[in-house]
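After this come two complexes, each holding chain A, first together with chain B and then together with chain C.
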Partner chain A sequence: MMRLLIVDDSNIIRSRIMRIVLAGTLPGAQIVGLARDGAQAVMMFKAHQPDVVTMDLTMPNMDGVKCIEEIIAINPDVPILVVSALADKATAISALRKGARGFLNKPFTEKQLIAALKEVISNDE
Partner chain B sequence: MNNKDINEVELRVFITAVTEYFQALAGEPAQVRSAYLGTDLSVPQSYDYTGLITISGNYRGCVYFSCRQVLLRRLLVCMGENDHSESNLLDAVGEVANTISGNARKHFGATLEISVPVTIHGPTESIRAAVRARPFVITIDWLGQAAIVMIDLERLV
Partner chain C sequence: MERTKQPKRRRAERYRRIIIAIGLFIVLDLIVLAATLFLSHQILEDVATVNLAGRQRMLSQRIAKTIYAAEAEQSTAQTANGTLSELKAATALFDSTLRGFTVGGGTLGVNGQELRIKALEGEAPRNILRRAAILWTPYVALIDPLTGEITPAAETIRKASEYSKINSNKLLDLMNQLTAALEENVADKTDILRLVQIVGVVLALANFAFIVFKLIGRLRAQDALVKQQQRENAQIFATIRDGLFLLHPDGMIGSQMSASLPTVIGKRVAPGDDFLSVLETLVPEKEHEAAKEYISLLFGDRVKESLVASLNPLSQLELRAADGGGDVGKEADSSASRFVSLQFSRVKGEKNEMGVRQTTHLLVTVHDVSERVRLIQAVKDAEMRAQEEIKGLLDLLELEPAVSRRFLNDTEQSLDAINDALRGAGQTRDYPSTISEIFRRVHHLKGEAAAHSLSLFETLAHRFENILSELRDRPNLKGEDLLAIPPHLEDIYSRTAKLRSLAERMTSKDAHLTQNAASGHEFGYMLEALAEKVAINQKKKVRVTADVPDFGSLPDSKATMLRDIAIQLVRNAVVHGIEATNERVISSKTESGNIHVTLKRLEADKFEFAVRDDGRGVIPDHIRESLVKSGRYSRAEADSLDERTLVMKLFEPGISTSPTVDSDAGRGVGLDVVAEKVKIMGAQIRLGSRPNIYTQFSVTFSSAA
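On to the complex of A and B.
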């Protein structure tokens, strides 16, 4: 079973990730939370202890990099996949240094999201 | 135009970002109809819905994407989204602007800092206030629907 927390300030992106994940390509996938900013994500992470997190970076209240720091402080082993439009190398390296396991640029296809999720999960095994 | 403004190569970064956005989401790239330096645009061109990103860091200015409602509805359909409420239409136009601007950092780097999108339905003073007199304008066509990307970007260092 893979219990997933989706973090993105865009409702349509949260919904799209949820639809792709629940479409059947990832057997046993379950959505435990949909957070619209970093602060809400930290609360949901503490409450639900998900197995995997997808993380946007540019968000109000608390951005994704700060949120990764807070989540990794709670559980350093949780795989976090950054899903962001920010396409520069420095941002990807910064997120990975904070503890993210993978980086997927927006816009993404269904295949790219599934492959990226499988990659961060397999790195955890 | 002066040496602080973006050049043709940098303009192409945005052109590529917008065409690839629609290709990735819908399998159908946007067609660029024109790209030009706007002149005497006392009121920048816009359609029903606009997503506006403010730029800071080593650059100053803004980027906006503007289109009609029908384009956003088709985009939501391509994303598998059945909820075409006003909030999702505004979300969609903001996400396009955010993605185009964020993707441009592949060329400009992290010192092109981008805000969260401001989304607007209808013409508003905030668009007029945000844009200088001579922005770059890219007009596109996607599935028969027109849209524009406006880039007002000044290099500070």
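On to the complex of A and C.
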């Protein structure tokens, strides 16, 4: 069972991640929330306590780095996968410093997303 | 798996031999110890027995002596109880000891304590005991009556005395023999004990020597193996072409690194150096900070290594020739940059108490990826070139076929003229004039391209101008410097030919190519479009009105030249004449500048072409500054020129009042082209201006050939 919260200001990206996750390649995967900005994501996280989060970085209201900081403050162990464009490596690294576990570059393929989600929730080193 | 098991088995085999040897050593020591203890105990017992045997000798003599004493006392009728008591005690002690020697039992020890003794073994002692028993049994029978009565009869004493005199010495001799036999037995056992100890110690020493020998052999083998591994490592590190080293958590470069590392990164580095300090000299501050953060992330175990590789800020690091700083650089073109890629891999240590293997080091590999980057750049360039050509083709197709054909013809003629100028430069060796000539041609081409919104040709011409500008400003221009020109010339040639071919295939063969396509309306429209485009580039607002109805009636040769003049003058008006919007507002003018282009017929074949703008006007001091800036006039010379002469200097090549160089101005070529065309047309040009009111260029010419 993997309960996923998708955070992205792009409706297209949210839908794409949702379709890929629900296509059946990840057994037991379940979407618990689709947030379009950081503030909404924090509220949904508190409400649903997901097992894993995919996080965009550039969003209105609250950006991804701040959002990661708040989510990690609630649950330091939750795996967060940053899904963003590689325009600013420094911001992405900053997101990882705040507690995200991995980074997936946009645009991504279905295979890349599935592999990244599996990796980010695995306990292997 | 099998490969890893085999060395383990070999190691176990080697250790087993040493363990067995150590085990043998211990067992041997235990055996020797046990034998020593056992024999020592026996020897102690035997020594006690010897002492008892020695006491029997003494007791046999004491018994005889007390019997004789009792006999003597009896003769004097003074038999004392003390003598008989001593006899009784000595007899009892001798008897109990002898019985103990014979069958085992208790007696008193030499220190008077109760003692259990074992029956003696061995043929010789047993034989002596048997003989002693034969003597003792009747002896004790004669003594017993003496010890049982207070005053024994004289006859009883006499019988005992007589028996004693006959047998006492025999008994003493037997006890002597017994003592000697027992002492011999002790000596034998002592010899055995010594032998056991000697053999044990010798065997233990031999075993110890074996263990030491084996251990030394093993240590030497391991030393040899370590040396071999170190040699092989050193060979690998000396041979590998990539940079390779281990990075410690404190940022220090490990004790071993590949010899090529300094060459690959173009810096002197040594084991133990601070990697981040080295990096600081190679990358800008922002990237350095990002790299520091990235490395820190990898040393932490939270992020997944495979999911952060794409964020590596050092995956493509540009090293300029200057970065090498003469340190350890490759012998390469000094203007060329190199690209290196630094890749980081976690090195895990032993598991901690939580069962997690933590990152102890990062393995850093540094590859020279210049070739890959150049290939990617070449592909991008090719794509950009293709896109430019497609855009160029589409721009051409938007024009009237006759106009595009004429543009291409003009372009090729300009390129031919440039080619001729280059060839001629070899004979005249007047290179500055050649550059100026080529500059005018290229600038003319750029103006034409801009006027027709052909951005590809405008861009190509602008790049060409950059080269020419650099050459023109170069002191002591040489013939080989002009070799920078042909590649650009060839580039424009080939693209023109390609676009011509494509455009002709795509346009209808029946296209009506009229020489009068460039009608007055079209000419006016072209100038408006040009002004608008230049205004956008200059971030200005401009409104152009063109009143040129007679343009279509001009002969081709005059129309072509007038078009060239018009292009330069309109461009000049937008760039130099019209002020920036805020400047105009401050001067209480409309935000948009106004340019008015007119072509008036003065007589049957005489025309006046004028371009007037309502901008800042011609300011003589600006021209003076430009003359000084060009380096051709000193400050004093510039100050001495009158206004009319100053204005005329605007038509000299290389003089521009624009503070910056861009695609529209700054080269000092525009009015130079105008002056040249005016001269060819046999026309006259006038400049009228009032500061902050207007500038007007008027060209009067005849339409006759």
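By our rule, the second predicted complex is superposed on the first by the 119 of 125 C-alpha atoms of A that agree within 3 Å, B and C clash if a C-alpha of one lies under 4 Å from a C-alpha of the other, contacts with A are read in each partner's own complex, and residues count from 1 in each chain.
What we mean here is this: contacts are C-beta pairs under 8 Å (C-beta built on N, C-alpha and C of every residue); 3 or more make two chains touch, one makes a residue touch a chain.
Remember, predicted model here, so these are calculated numbers, not experimental data.
> Taking the superposition on A as described, I'd like to know which of chain B and chain C A:Arg19 touches: first, second, both or neither.
A:Arg19: touches chain B, not chain C.
> Report for A:Val120: first if it touches chain B alone, second if chain C alone, otherwise both or neither.
A:Val120: touches chain C, not chain B.
> Once the structures are superposed on A, label A:Ser10 by its partner contacts, choosing first (chain B), second (chain C), both or neither.
In the superposition, A:Ser10 touches chain B alone.
> Just checking: does A:Leu104 make contact with chain B only, chain C only, both, or neither of them? Give me first, second, both or neither.
The answer is second: A:Leu104 touches chain C but not chain B.
> Is A:Ala90 contacted by the first partner chain B, the second partner chain C, both or neither?
In the superposition, A:Ala90 contacts both chain B and chain C.
> Touching A:Pro60, do we find chain B (first), chain C (second), both, or neither?
It touches chain B, and chain C stays clear.
> Go through chain A and flag every residue that touches chain B in one model and chain C in the other.
86, 90, 94, 105
> Can you name the residues of chain B that touch chain A in the complex?
20-21, 24-25, 76, 79-81, 83, 87-88, 91-92, 94-95, 98-106, 108-110, 114, 116
> Looking at the complex, which residues from chain A come into contact with chain C?
Going by the criterion above, the answer is residues 81, 86, 89-90, 92-94, 96-97, 99-105, 116, 119-120, 122, 125.
> Help me check something: in the complex, which residues belonging to chain C touch chain A?
286, 289-290, 293-294, 296-297, 301-304, 306-308, 310-311, 313, 346, 348, 356-357
> Per the contact definition, I'd like the list of chain A residues that touch chain B in the complex.
Residue list for chain A touching chain B: 9-13, 15-16, 19, 58-60, 84-88, 90-91, 94, 105-109.
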